[in-house]
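In the part that follows, the structures are each spelled out as structure tokens.
Same chain, two partners: chain A is paired with chain B first, then with chain C.
And now, the complex of A and B:
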């Protein structure tokens, strides 16, 4: 009787373990497959166009066989930088507030709000940008409104949950003894927070910024809807650009042959960006010990 | 516990004249009277009355949980951090009630420095650690800060070891050095009182000895209150010793008196290691 029970639990454990292993393998496998697909699909095109011509070429005219993504790399970097300029200070102050200033009840309430923000689909952000931000920029700053600025604003909001959550974790994990040490020297609460806790959480906050960067550069739908998508060097913040992600989603539907391969190679470039970001993030995380 | 060794009194010391009482001989710097302290419903201190004299080392001893940390945290109001901590009675610093309504807590903490049980240097350079306090209290000039840092390092017997390593991270120092750095950091704001909560309990014997030397040197200029679990340490460095039990001040007297002829049998049991 007892033996049966034991052997049944052993069996159950074995089955559960197998399920976990299969699930874990699926995860790894899908990453590996994506990698494989991007390399297989992108490399032939890259070879034909030429890596230098592809990365540094400024003309993107598939009909004439010109495949240069330099302006789109720049476009992606512009909107991402804009997003960070808006999202990082805002998110950091939010995190500081949640971590060290808000009462427990208010903190919980705000945390819900942040979680909700993280759950909003990107097309909704894009739509919001389209009907609110773009017309506002058009009427107040001129131009069409479809612009680097509009995309930066929306992306800045979209990366807030990432920035807030990761930097809050970093701030929360700073040992209380640093705070008490500073307080015991006669420092006010704000000074303890800004001059001791904040520097102590620096590497965790850097990790938050890196993750926000990854999130912003990879965002597609919201950006495509509001950024204008012209392949050129923007003249100003209210001018439009095209991003790497936008390029892929706009043309993938009808692209064939080399054009299609060039789009996959664009995705490959994006993937390399994300890979670098992840590498940096892990480095920072290890340093921050979170 | 019966396993602890009895403390041997050095013979020369026992021959000294021991005053019978602490009262009435000199003006105290800190005057604690009728202090009752509650954590929520639990009373951690019961009617503590105690005078702490300037430029002396006052040791607080007693078993774990008897309220030693609670008492010294009341002197610089670090207990304010505990949400449901209630205090009755009064603590006067130089005649001024530190729990009075108009009291500037940050100024109080500048006057009453604290060194914690576990060394807690900030994760920044040695220089910035020490300069933190003076900067907090408005010192901006580089030359002035430099002088204060050097002075504090000298006072904490760290100057020789660290004068070429001011830019090093404080976290790279040894435990003993970190604790002396914390002492230097506290001294840099020029306090009147230095509170130390078991400052050597995380340190090796050599580092402990250096901190003890340091405390003896510092009492020329500072009033030191030290919590210690180590009877020998109290005997070695303190002038007065207070013995606490279950939140009550059982006995407070000259250290030699406490260790040689305590009046209360409970004190006698504790200092002779009969319970711990």
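And now, the complex of A and C:
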């Protein structure tokens, strides 16, 4: 009788462990499936178009069989760079404020604000860009308003929570002795923060910038609504471009055959970008020890 | 590396505080005060600007959208006259329940395995964690494309509630895994030892002792996931489609509230309805946010409180 109970318990334990292992494998399985389907869908197209032609070709005219994504890679990079130029200084100073300047109550208030900002859906950001930023640029700087500038502004705001949260973690994890040591040497609070804490948190802040880059380059809906989506080299900041993500969302709905494969290959390029971003981010995170 | 930075910072300090002419020292002190003022102002300005951006987005949407909120926006059937968001809202709830039903057991099971069944520096654990991090970084449009290739095309489920929910389940899996892992790790080892010493097996310890104690943390992950699902659009357009009516089965195409909002905004025909929809979407997202803050505050007040209910 006791023996039966014990053997049943042992069996239960074994089954439970197996179930948990299977669950743990799901993450691995998901990544494997995503890689598999992107590669299977994209590689035949890449082979037919030619990798060089695809990556460095500047003409994207599916109806004429021309599939070059160079301008979209550039477009994505332009918009992302713009977002970083706006988002990084603002976010970094905000993180400094939260970490070393804010009183407890104000800090909590701003922290809640940052969390709210992080919660706003990207379509709402896109919509705000569409009804406020785009008309504003059209009337003040000319052009249609659908532009690199509009997308950079909105993306800069969208990556703020990422930049703030990660930089703040980095700043908070600098040992307190660094600050106290500088203070003991007679430096002002501001000087301690800017000359001692900031350099000491450099790796963590770099990690924040990298993560922000990843967020910005992968953002789709907000960008596609305000960036204009023309496949060309923008003449100025108020000119439109098309991004990699925009290309997929605009054309996937009706694409067939080679066109469809070229779009999947576009996603593959984006995926490689993101893997690189992840790799760099982890490297920096390890260096920063956070 | 960071040690060197401190020294160079301290070196700069020493030179500025060294013996100097009185006049020069006075000037240096003035300059230092000026620099401190500029730095302080910059930091405060950034904080104010960030809040101002947030408030202006919310205020603008609220002012433009609130007057257009009307009863027919919430009628149960959608037509091109009322552009009701109710079906989309119900679809979003259905989608949320479905994806959580899939992702929660998987994420929880994975977290239990990682924390309770293996060593923490185990190779397998590292791989699973790396994969979870990879999943976190993948842009939603890539998820959408994957869902289109796998669930919609390869499995032949068409644009449907099920395809969308499964795509979302993969997206929120790392969120649930990560938060559940943290929650389990936060349970004191004394709980495990106490349970084992009373003769409970590993499974019993997990189910009866550890999970109840970790519930607040797990809940925080669930709320975070719900927020993500409500905000998601790019991953759903090519997996769940954009049909604005209630689905009759798992294999019917549906649009969620975010997708509804995207369609309204990009059609550009009913901009006032888009404003109203944005207001509703923001209210829901903020409510979720508040709930999560509430759970988090309960969480920091002590894990023991959660354990008390067990």
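Things worth noting here:
FYI, the second predicted complex is superposed on the first by the 267 of 290 C-alpha atoms of A that agree within 3 Å, B and C clash if a C-alpha of one lies under 4 Å from a C-alpha of the other, contacts with A are read in each partner's own complex, and residues count from 1 in each chain.
Simple rule for what comes next: contacts are C-beta pairs under 8 Å (C-beta built on N, C-alpha and C of every residue); 3 or more make two chains touch, one makes a residue touch a chain.
In this text, all values refer to a predicted model and were calculated from it rather than measured experimentally.
When chain A is checked against chain B and against chain C, the one touching more of its residues turns out to be C. After overlaying the two complexes on the shared chain, residue contacts for A:181 are found with chain B and with chain C alike. With both structures placed on the common chain, the touch criterion links A:56 to neither chain B nor chain C. By the touch criterion stated above, A:31 is placed in contact with chain C alone, chain B being left untouched. Contact with chain C, but none with chain B, is seen for A:119 once the two complexes are overlaid on the shared chain. Legend: residue contacts after superposition of the two complexes on their common chain; A:195 is shown touching both chain B and chain C.
When the two complexes are overlaid on their common chain A, residue A:220 makes contact with chain C while staying clear of chain B. On chain A, the surface patch touched by chain B in one complex and by chain C in the other comprises residues 178, 181-182, 185-188, 191, 195-196, 199-200. Within the complex formed with chain C, the chain A residues making contact are 9, 12-13, 16-17, 19-28, 30-31, 33-34, 37-38, 40-41, 89-94, 96-98, 101-102, 106, 110, 112-117, 119-128, 130-132, 157, 160, 164, 174, 178, 181-182, 185-191, 193-196, 199-200, 202-203, 214, 217-221, 225, 245, 248-249, 252-253, 263-264, 267, 270-271, 274-275, 277-278, 281-282, 287. Of all residues in chain B, only 76, 78, 81, 106-110, 113-114, 116, 118, 120-124, 132-133, 136-137, 182, 185-186, 189 touch chain A in the complex they form. Residue ranges on chain A touching chain B, taken from their complex, read 175, 177-178, 180-188, 191, 195-196, 199-200. Residue ranges on chain C touching chain A, taken from their complex, read 1-2, 5-6, 8-10, 12-14, 17, 32-33, 35-36, 39-40, 42-47, 49-51, 53-54, 57-58, 60-61, 64, 105-110, 112-114, 117, 124, 127-128, 131-135, 137-146, 148-150, 154, 170, 173-174, 177, 201-203, 206, 227, 230-234, 237-238, 258-259, 261-262, 265-266, 271, 274-275, 278, 281-282, 285-286, 288-289, 292-293.
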